[in-house]
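Down below are the structures I want you to see.
Note that chain A is present in both complexes that follow, paired respectively with chain B and with chain C.
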Partner chain A sequence: MTFVPKPKLSHPELPKNSLGLTRRDYEGAVSTLCAGCGHDSISAAIIRAFFELDLPPHRIAKLSGIGCSSKTPTYFLGRAHGFNSVHGRMPAVATGANLANRELVYIGVSGDGDSASIGLGQFAHAMRRDVNMVYIVENNGVYGLTKGQFSATADVGAKSKRGVTNTESSIDLAAMALVLGASFVARSFSGDKAQLVPLIKAAVLHRGAAFIDCISPCVAFNNHAGSTKSYDYVREHNEAVDSLDVIIGREEITADYEPGTVETVVLHDGSTLRLRKLAPDYNVHDRVAALAHIQDRERAGEIATGLLYVGPESKDLHENLNTVAAPLASLSDAELCPGEAALETLNAALR
Partner chain B sequence: MQGQYQPLERCNDFVVKFANVNGSGSASANRLFTRAVLRMGVPATPRNVFPSNIEGLPTWYEVRISEASHLARHGDVHLLVAMNPQTWDKDVAEIAPGGYLLYDSTRPMPPAKLPRDVVVLGVPFTAICNREYSEARQRQLFKNIMYIGALSALLDLDLGEIERLIGEQFKGREKLIAANLHALDLGRTHTLETIACPIGLRIRRANAVGDRIFMDGNSAAALGAVYGGATVAAWYPITPSTSLAEAFQRYCARYRVEPESGRHRYAIVQAEDELASIGMVVGAAWNGARAFTATSGPGISLMQETIGLAYFAEIPAVIFDVQRAGPSTGMPTRTQQGDVLACAYASHGDTRHVLLFPEDPHECFLFGAAAFDLADRLQTPVFVMLDLEIGMNERLTAPLTWDGRSRMDRGKVMTAAALESASDFGRYLDVDGDGITWRTYPGTHPQLGSFFTRGTSKNDHARYTEEGAAYVENMQRLLRKFRTARRLVPRPVVDLASRPTRRAAIYYGSTSPAMQEARDVLAEDGIALDLMRIRAYPFQDEVFDFIASHEQVFVVEQNRDAQMRTLLVNEGDVDPARLCRILSYDGTPITSRFIVRAIADEAGGSEVVPLRKATP
Partner chain C sequence: MQPTDIRNPDYFHKVVDCQWACPAHTAVPEYIRMVAGRRYADAYMLNWQSNVFPGILGRTCDRPCEPACRRGRVEKEPVAICRLKRVAADYKGDIRNRLPRAPAHRNGKRVALVGGGPASLTVARDLAPEGYELVLFDTAARAGGMIRSQIPKFRLPEQVIDEEVGYILDLGVKTELGTTITSMKSLLAENYDAIFVGCGAPRGRDLDLPGRHAAPGQIHLGLDWLASVAFGHVKEIGRRVIVLGGGNTAMDCCRSARRLGGVEVSVVVRSGFTEMKASPWEKEEAMEEGIPILNFLVPKEFRVDDGALKGVLFEKVAAQYDANGRRRLVPTGEPEVMMPCDDVLIAVGQENAFPWIERDIGITFDRWDMPIVDETTMQSTHPRVFFGGDAAFGAKNIIWAVAHGHEAAISIDLLCRGEDIAKRPPPLVNLVSQKMGIHEWSYDNVVSDDLRYRVPHREHEVALSDIAVEVELGFDEETAFAEAERCFNCDVQTVFTDRLCIECDACTDICPTDCITFTANGEEPELRRRLAAPAHDIDQALYVSGGLKTGRVMVKDENLCLHCSLCAERCPTGAWDMQRFLLEPALAGHGCSHRPEKRAA
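For the complex of A and B:
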């Protein structure tokens, strides 16, 4: 193993999941990000989500682009293979990886610079292709790694640490994902683990591209007054549309809720998402209404979070390409090479 | 009009050029002509010359008929089939003195427009069509078949062969067969009745085709990818590489469908651009699939950053570069060998990449398959360097062969069991000393063998480091690996002159047939040449030994800047003065005539004392 091991001070009482693994088994190397960086909280949420999902860590592949956010896959799931690729190109690399082996679980981590600026095209096409993966943008409104320039998600009027006001209109990646046909769109906040962990779990269970725009304050360059991506600002303006419980497998639902306030969504593997509606009349299956709601909240100066949209029975890229059930990477010579005889027939037809 | 010149008399050795309008349906008629000649046992090599346009602009189809099997472009035109009035003047001017001109004489050309030194043959194709057919599209399509009928009479081309080919083409659609045969007959009969047939150009049955097949290089390369075990293809359309991806799709539909389920043992994604196509290839190959992309120069430019990642992070990738004339959009439908340096040193920083140079469709198939073994064994990008000339033109080529015992060589991949018995796994640890290290596929083992792939510098256990020493060690190992590659890539092919000589020529790729023909012509003129055909980069020592053992070495290539020569000078510390540039780069395929003239000029005709002793 090549990740830097943390001292395993594993407490005998540390809870174990059904695989007999503890949270520690889902951790990675020690983070080198700034203390207080939102990205580290997201890594922690990812660790918890995978632990609670009882997934074997080595059957997960983690991919990223370039940026502080894209560094984070080193800091979770040390037993999984990781790929820190090229700035803005994680979606293509993840698409290729997914095509090679449909059996692994894919998590792509990106930044707002990585996905909304240099990689906007690849972000868009991964959404429309419905690659079966979790796609998290750790959105801080700046380029952290290159020291605080505005990114394309910075709001108009937002002030940089150096006092410059952003005048270019911002890109809302969740709204874009909706328009592009993504089958699962959520938004969350790195400071709200109670909301984020179930969203990540639901995203993993969802078949197809599951996009989470996660606001993640950059304490070094974008956490001051005047920023719209600071901890204070997001806490004050966060408007959740729903709150989520993820029930794995076909467990019975026992709790009682007031009628009309809870919606259950059954996923393709039989797992259930139980959504407690916080915004009255919000319909999580209505793409157009979701978009309208996001934009409506934005106009009111608020940030709509939660599970914003989940499509009915989605088909992922493999289904659309009609690939075989086994991973393509595992196919044998006999399955791939047509052999000598076929070549003779072919030669004859070319004379 | 005849008199002051002698009409040409040539049998099984002449060039027919068809001047058509793009989108008029002439392509299949022209192909029918070539195939009929081939069926008569006479080698014929067609070339499409087409504009970057879908409909309306001129296109040409030039067929060299050569019983002696000269497959290169000849350069002369002996019979012009002029079906495009737009390009009349230029086309007609190309006909060799004593040659022939067949044209649609529905509206006879004024004598001033007719060349004085060629035999003019008029057949009123449009008039016959208009009389026979009422629909515009029919008139257009059958006019094409009709001129094939006329040619069968003029050249004494076996009608039976043409009829059989039409039967094969439209098998099961009797009505279409009958309609085509009728049009064929209309053209033939009218010609026989009005013109003394055959003319001085003739096709006589021979036995010179042998068991060779007729195939284009892009299809052959795509078939190579199927045989090589590629399962993931990501591409973005660009001439002249598009037909490679399309052929892969076609062959996969034939050979790669799981019988029980009808599901696909392949995935083809038309990406949003070449940044994405190479990204997908790298992602798939990282995850254990054999993956490739097909592109041309502009796509190579876009892929640079990710190619560097694949080099540095050591991920296999196969890239088919079907070269065209650059820079920029250049001449997008014309051929060139202009990407040699762009591929050899693709990306920023210090990089070197494996290049393969197939000479014809047969090698496109072989190298197309072998590239996947090479990429896996070397864990690095491998470029298969085609060009428009071999990629998009059908060519007589040796039948494709496959050793049924061969198995995919996936290179150094550790399984779960191997990980358990190993004392230490370091992704970039050179345990074997050949520069090639062991890798694991994601998902292999619950505890062992995972690593982080990155484009940043790392130590031999794949951990991030900015230590200068670790960086240098890694870069040195990559050079070691590149030296190992020399043992694995195809060796050059040497063909010595019949007598000892101090002169030699080095060439590669689609230059092959022109070079071989030129060598024979030069030998007759007293200039003997030893030949070396380079088939891969990195170069083996024998390439530099060959250069060292000759006094004058011509490097023949199809680009302006002598890119292969630069690569040779750079990689072998060769004295540049020893390597003489022979460069053809106007977008047309290089001809033997060009090579003969250029080499004769440089050689000055005088033979130098041989270094090598005469062989008995």
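For the complex of A and C:
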């Protein structure tokens, strides 16, 4: 653990975004995770993505459960709202927060233990309700915080640090998210920021539940030979289906591509996702094909990464429930408590 | 790019910007840490070893290290390197028992030193403990050269000069003071094993204008006038004084004049304020003492009436730049300006003069009438005659005189041992890990956010009333500590071991100044454009690793590294380590000529 504060001094030519902030303004406290933990790289990618999106930090809410991964919101976006909840309960808290105030940008950070074991039910419902949020699972195949027990995402045949082989079948959270109805599903790797940063940006811009399963090696307990979540293993077996550029706002698109090699997705706010296809004939809008592709690659011992599926942007939870648009905290007493007469009318309607 | 060869001592030496920029290569961050640790005597001795005059230089050095200091590139101002040196001198206590002593047995070699300035004194300091018999000649009654004769006492008190010159003379140096050498030929005939010429650049440049010699009591050459002030021959000056010139001498002239009765003292320069040769801090201090600096005025005539100076006539000019960016001063056509005054001090430059060196004795002079001197060995075309300080390549400053003195001493030592003087002894280099525990280093790696501290000054009324009262009070210990903490410890190097790296990005992610990039290798100019942050200062090296597992390389731009150790702290495998690089430049003797050619770092 690093005890010294990160120096405030920075590169004098550090770029500023349209808010006049530098990337450093999106940082949090110095990480207390093990040196080299993949989770720290994901934090760095989140910092970069939010900086590049020109989002004001105080309009962001970060939520998490329990685990090393769930500790990371302390290490990014120090000026944002944060809620570190109970083990596996981030989705419930995020759903509630979102219901109370739809104006904030929600990012939930969880672990494979947090989301695939204790919180599996919570995860499922956030996906099927299509809560407008970014949901990142920092997936290392172990319970890092409790010293490296296999988690539910550990692959069959993977060896633990002590040499024990995992025999229980693994949960593929990206595949589950597809099945459960998430409208944006991606997989990435903490060691590949060129892929991860645009995915996070796209996930933020996408309306609805945007799920990223991010493989994130645990250097302390799951980075040895025999692990299928180590830096070396993931680098060797990483097969991206596409490579993503995010064009924010209505910027001119200038680059030329061979016809059929680029897929363009226009989002509700006019931003554009430009996907360069790496797997031939991959259709990012076909949920069933995406699922088949993931499982096909898994059978071949490879890991499918990239933007795996993006559906039509959802009517989110609020539209489905027809909730009030204003944040609850901004409602007046009279609006919140319309009085006896109103109650009477309501009761009468139910008789 | 090829992987960086960190075994070449120059590589890490260059990273220590201040030490690299110091002509004598003083180990700056090492002494700054000693000051922070209140080890003032140690800090003093480290300085004394390399720059010989810590107390003097801590007040007067031209400080080429400060513009080079890395801190000045990351925030507004560099570390107050120079004034921390003074702190070491101020608080060191009695260090006399740590000084070398004159050896009981001489080695039988005799060396003559012409001039008793810092260059000659350095040669003496380096050679005396080795058993050389040194004979120092100076016209002046006391040794010290221009340190004593030119630099005003309000910047450098006499007792500091006496102390540090004394340390050297006490090594058994024979002095022939009040003695001017008038013939090199005769000196050579005295069969010295070597002669060192450290006679400085003694002549003030004059201004050949109408009226120049019409009022001799009121128009003075700055250099001569300062010497007369220093030796107490001149004790006052008129009310209104004009100083012509914009260099260090002009600044000392005007501030001295303010202390000797000058009330309306102005400095007038031909070109622009920003182009003046004086250091920014000198100009600032002069202006703070109520001395205006007027620019773009070319003196035309000294107006003298009946042998009495009335004033100086100036032509107004403006700077014009031609297509090549070369500057010319052209008259603006405005009416000339007459500035009334009682005295004028001419401080428009300094010249060398060697009237006492015959031109037929094997010492060749070039077409500017300067001796031909080898820049490394300081040897002239006469094998036994060496030059250094202002006499070698024209007027510079004390720290260059010291640096020349060290090199000349090495050459003389090698010559007297019958060795090849072109084979220079290597520096002593040492590279040691600073790791004490998992996240513990043997240096203070917390980076201070403090801005540069100002050295307190004496209040104007007192300072301006007596020319012998020192203006600067020096840092107190507390401020010195805070200022010392601003140093980044650039000598604690980031050392990278490529075979240990697992490319987890932890170092890139944590680095506060975006120094580190993992990327495909390439040619330097192209590679520089692909780094995490702009890296266009090509004087600052890129540290490039060997190939990593993914085929990429680690590239670190040394330019803005804060040496904060966070890369090493966040590295899971110890691929990064913080190692202190200590470089002691070679000195004469100390067995230096027996050191192996190049010691690997």
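Keep this in mind: the second predicted complex is superposed on the first by the 328 of 351 C-alpha atoms of A that agree within 3 Å, B and C clash if a C-alpha of one lies under 4 Å from a C-alpha of the other, contacts with A are read in each partner's own complex, and residues count from 1 in each chain.
Quick note on the criterion: a contact is a pair of C-beta atoms (placed from the backbone, for glycine too) under 8 Å apart; a residue touches a chain by one contact, two chains touch by 3 or more.
Remember, it's a predicted structure, so these values are computed and weren't measured experimentally.
Q: Which partner, once the models are overlaid, touches more of chain A's residues, chain C or chain B?
A: B
Q: In the overlaid three-chain picture, which partner chain does A:104 touch, first (chain B) or second (chain C), both, or neither?
A: After superposition on chain A, A:104 lies in contact with chain B alone.
Q: Once the shared chain is lined up, is A:13 touching chain B (first), chain C (second), both, or neither of them?
A: Only chain C; A:13 stays clear of chain B.
Q: For A:86, decide between first (touching chain B), second (touching chain C), both and neither.
A: A:86 contacts chain B only, not chain C.
Q: So, does A:336 touch the first partner chain B, the second partner chain C, both, or neither?
A: A:336 contacts chain B only, not chain C.
Q: Name the contact category of A:285: first (chain B only), second (chain C only), both, or neither.
A: Neither chain B nor chain C is touched by A:285.
Q: Tell me which partner A:325 touches in the superposition: chain B (first), chain C (second), both or neither.
A: A:325 sits against chain B, while chain C stays out of touch.
Q: Would you mind listing the overlap between the chain B footprint and the chain C footprint on chain A?
A: Shared contact residues on chain A (touching chain B in one complex, chain C in the other): 1-4.
Q: Contact residues on chain A for chain C in the complex?
A: Residues in contact with chain C: 1-14, 24, 30-31, 34-38, 40-41, 43-44, 190-191, 193, 217, 219, 223, 231-232, 235.
Q: For chain C, which residues are in contact with chain A within the complex?
A: 73-75, 439, 445-447, 449, 502-506, 508-510, 512-514, 533-534, 549-550, 560, 562, 564-566, 569-573
Q: Quick check on the complex: what are the chain B residues that touch chain A?
A: 38, 209, 211-215, 223, 226-227, 229, 231-232, 234, 255-256, 258, 261-269, 271-273, 275-289, 291, 305-306, 309, 399-404, 407-408, 426-427, 440-456, 461-464
Q: In the complex formed with chain B, which residues of chain A make contact?
A: 1-4, 56-59, 61, 63, 66, 73-74, 78-86, 89, 91-101, 103-104, 121-122, 124-125, 129, 317-318, 321-325, 327-331, 333, 335-340, 342-343, 346-347, 350-351
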